[in-house]
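For reference, the structure is listed below as structure tokens.
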Amino acid sequence: MLSVAINDLRFRNPLLLASGILDESGESMLQVIKHGAGGVVTKSIGMEPREGYENPVIYELSYGLLNAIGLANPGIENYGEEIKIAKRGGVPVIGSVFGKDAEEFAYLARKMEEYGVDAVELNLSCPHARGYGMEIGVDAALVEEIVKEVKRKVNIPVWAKLTPNTHNIVEIAKAASDSDALVLINTVRAMAIDIEAKLPVLSNIFGGLSGPCIKPIGIRAVYEVYREVEKPIVGVGGIIDARDVIEYIMAGASAVEIGTAIYLRGIHVFSEIASEMEDWMKKHGYEKIEELVGIAQVR
Amino acid sequence: MYRVVEIEEIIKETPTIKTFFFRDETQPSPGQFYMIWLPGVDEFPMSISYIGERKAFSVKLVGEGTRKMHSLSEGDRLWIRGPYGRGFVEKNKKALFVGGGSGMATLAPLIERMRGDVVIAARTKEELLFKRRFKNRRVYIATDDGSEGFRGFAHELVERLLEENEYEIIYTCGPELMMRKLIDIAIERGLDIQASLERLMKCGIGICDSCSINGYRVCVDGPVFEKDILIEMSDLGRYTRDRAGRRVPL
Amino acid sequence: MLSVAINDLRFRNPLLLASGILDESGESMLQVIKHGAGGVVTKSIGMEPREGYENPVIYELSYGLLNAIGLANPGIENYGEEIKIAKRGGVPVIGSVFGKDAEEFAYLARKMEEYGVDAVELNLSCPHARGYGMEIGVDAALVEEIVKEVKRKVNIPVWAKLTPNTHNIVEIAKAASDSDALVLINTVRAMAIDIEAKLPVLSNIFGGLSGPCIKPIGIRAVYEVYREVEKPIVGVGGIIDARDVIEYIMAGASAVEIGTAIYLRGIHVFSEIASEMEDWMKKHGYEKIEELVGIAQVR
Amino acid sequence: MYRVVEIEEIIKETPTIKTFFFRDETQPSPGQFYMIWLPGVDEFPMSISYIGERKAFSVKLVGEGTRKMHSLSEGDRLWIRGPYGRGFVEKNKKALFVGGGSGMATLAPLIERMRGDVVIAARTKEELLFKRRFKNRRVYIATDDGSEGFRGFAHELVERLLEENEYEIIYTCGPELMMRKLIDIAIERGLDIQASLERLMKCGIGICDSCSINGYRVCVDGPVFEKDILIEMSDLGRYTRDRAGRRVPL
């Protein structure tokens, strides 16, 4: 009932683990799969090992999280083993990568392909790492070049993950339309100050906002892009229950990714949402997720 | 959101460990921890070492953050979040508590709530923590250099004690290698065991994966794990992860 | 203790009513002033009367509001009386205006000046009205032209209210730097779908997100702009208590505007926050708001 | 967030008014209202006309939104938010309730909870709402065309009743001009009065200013106002605001 396909890639359910949450080590991804995820996206992996920013890297808000992990990652050369372990889970593993230019992205994607991932996700959208992610992701020409170059170099599907920190996500989505799917959205650039400390809380000052508070921004991005770009969309941002998933799907997403909800509801959130979704679909007489994709679009 | 608490009293426990008392409304259970932020310096995890109305952290000086902590005075403030994680599960079994170094900080509030004998271990005499904290208890001492009590490692003393006593469960916190040995002993002898682990922590709330060991997050699935899970942790005492997430030998 | 100045304009406290909330009629503004506001910004007024969008124009979220009122307003020619009434409150009245080009903005600002406002606020940032606000506010050249033209035509201070829906608010702020103050931020472009109705909730589909959920975005905008542009800043977005106000001030704001909190806490929110602020300042040994402006900036 | 409720029963009360019964967990008080959204059509305010476990809206057909509402069937769904606003304040005074047209919908649950006499007014006989709803009550009828009861406007009947009875308070809801007259009567005779007002509503939650009358928001400061405030409302019965917010004569 919940099974979906993005292009030719089949998922037992549309609930994928979002990049950067519990997906650095293969064994953690296995746990997430055990708890019901339909697929997992790895943490974003770069050319070299990166320690990320100093603590604090996270700040709890009552309606979400602020984070600036700083793209900490073991580096692509050390990552093959983790993919191998994650693949044991029997669901698609999507390798997320970040680079500073088309060449790096292509190299990283090739490596991921070698390691056996089922698709690569290009992180064109991290809002707080200089020279990476969002700084690249708001430049339509660069986005187009990167996506084209990666497509040339790999045979697996290429997903482009875009930032909401732009005035025109549709334009960026069009620039990325050589990809096989669009992933919307990454975190929103934000920060917090502790007034007793009189200092920004994150050691990096700026971070990314995730969780329920960004859902209306994510829904808007998916809705806007769906009507303008004919590509499967993976919706991300602020999903905590089945209603949120259905909202994304009705806006135009074919599947979703879930991150912060693991903090809010625990790792079992995947199987819980899956059964909530089945209940909802039965009650409303739907048999396949596909029937719901984009049905809230007003033409 | 951080809560700001004021340090009411500081006690120098050993040459490298100080206890910082403060008041806070939360109600932690033994084995839980907090994240302490020293603005402009660092944020790090710290077990609660007194859990009453007056609470405390007992902090060993190991690096930049804990050095700054040691330089604080009474009246200074701490920024904290928590309590986090799962503490010890109190079982109705004859217990032996084994604390190594600053691991005694984690174990102490549990010991105060339960019956059972205590092993306090440290490198050397001066580093023995909470030697006089527990009243009417059998407290065994072990030092690596033999400057007080049993000369040798904690697990060696434990093996001796197990010859003479019918302990049913070991509660432990301390250096990972010590805990590894105790787990192996528990498996071998069919004893129950709970261990409070320490791993590099970034988020403290179960999302960054930096503290994970064999797929278990020390910050939310632990820091205290029970025997069935400890058995599965093939990396414990063997591999850890560095700040970049690389798996490296311990 | 709470008195602040933006350029030469003095306010009894830094808590101004944000544009668009309870400020269409002069008498409503008087009520807000009676309940403690240090100043009021009128609803954004345009060239012609506008009915705005059909209902629903608002959607309640647990951490904020989504709105698409659609710039409903009586039109500038009918607005003189409202200003006259609002001015009776004895605190500065700032006239907010929106136009489609520099000429309209200048005309509207002139009219506002005639009506007796103490400053004009240019709404360069409404995220959901076609051809107005944000569509203009993300174009740096246009922003510069509008601000320059308005400055040429009026003698009262000119405030520029900017949108967060851009990847580079600093660039837009620089373009607006002929103004006398920068107002950051307007709402964030967003939407919501009702999954039972299978339709977007707002009749306009897209709307603006306000309230606590956007505070980390507003703080970030103020913090970023403060370090790059030497202009007084008025912080807006998600303020519900004194701690939020102080956070904005520490980030670099000289005053703040408050909107959604009227829904969350009631109209008395202004006097309540004012007294919360005094308590905090006394406890922490501050005598003037100015001492706090920008002190959380890390250099 | 809207709640979706199912229409359990529809009763045709008059040629232009239908009552829609539904179940909902909220506990409104008499005089409060909800916003009803008919997806794809319109959203509008509606007082609650039955407040028990089974609740209802009694809706007069006046335009596009209410026409759609009248076309609904049992089993169809309504999207609602609320209850909003301040209802009537029940005072221990001899009361006269005066409902004009669909204003009776607002007043009815209050009447059921209190003692006092009732005036039901309408243009014509067929439009009299809830004529048989109140048991053991003195119910006076007025119709503009005299087709039933007193011939003339409600306030004229009220003036007569005041000659004969010692009412201390009037509770009213109905056309604004009727309420204006009643307020003037109450001021003149030193009676207390509460009136439930209707104005154009967009947000329903006190922020858009579209429902404001002399600085008071009908949606949160009202819809029911007490005498001291009503006296201040110089626009009542004279000026209103159109959808663009222009102040226009009523």
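To keep things simple, chains are lettered A, B, C and D as they appear, and every chain counts its residues starting from 1.
Keep this in mind: a contact is a pair of C-beta atoms (placed from the backbone, for glycine too) under 8 Å apart; a residue touches a chain by one contact, two chains touch by 3 or more.
Keep in mind the model is a prediction, meaning the values are calculated, not measured.
The minimal number of chain-to-chain contact steps leading from chain B to chain D is 3. Relative to the C-alpha centre of chain C, the farthest chain centre belongs to B. Centroid to centroid, with C-alpha atoms defining each point, chain A and chain C lie 33 Å apart.
Centre to centre, using the average C-alpha position, chain C and chain D are separated by 36 Å.
Work out the mean CA point of chain B and of chain C, and you get 51 Å between them. Multi-chain contact residues of chain A (touching two or more other chains) are listed as 61-62, 198-199. Contact with two or more other chains is made by no residue of chain B. In terms of inter-chain touching, the protein chains here are arranged end to end in an open line.
Contacting chain pairs (ordered by label): A-B, A-C, C-D. Interface residues of chain D facing chain C in the complex, by the touch rule stated above, are 1-2, 4, 35, 37, 39-40, 42-44, 77, 79, 81, 202-210, 212, 214-217, 241-247.
The residues of chain C lying in touch with chain D in their complex are 20-25, 27-28, 30-31, 43, 49-52, 54-62, 65, 67, 69, 72-75, 78, 81, 194, 196-199, 201, 259-260, 262-263, 267. By the touch criterion stated above, chain C contacts chain A in their complex at residues 61-64, 66, 134, 138, 163, 165-168, 188-193, 195, 198-200, 205-206, 209, 212-214, 216-217, 219-220, 223-224, 243, 246-247, 250-251, 295-296, 298.
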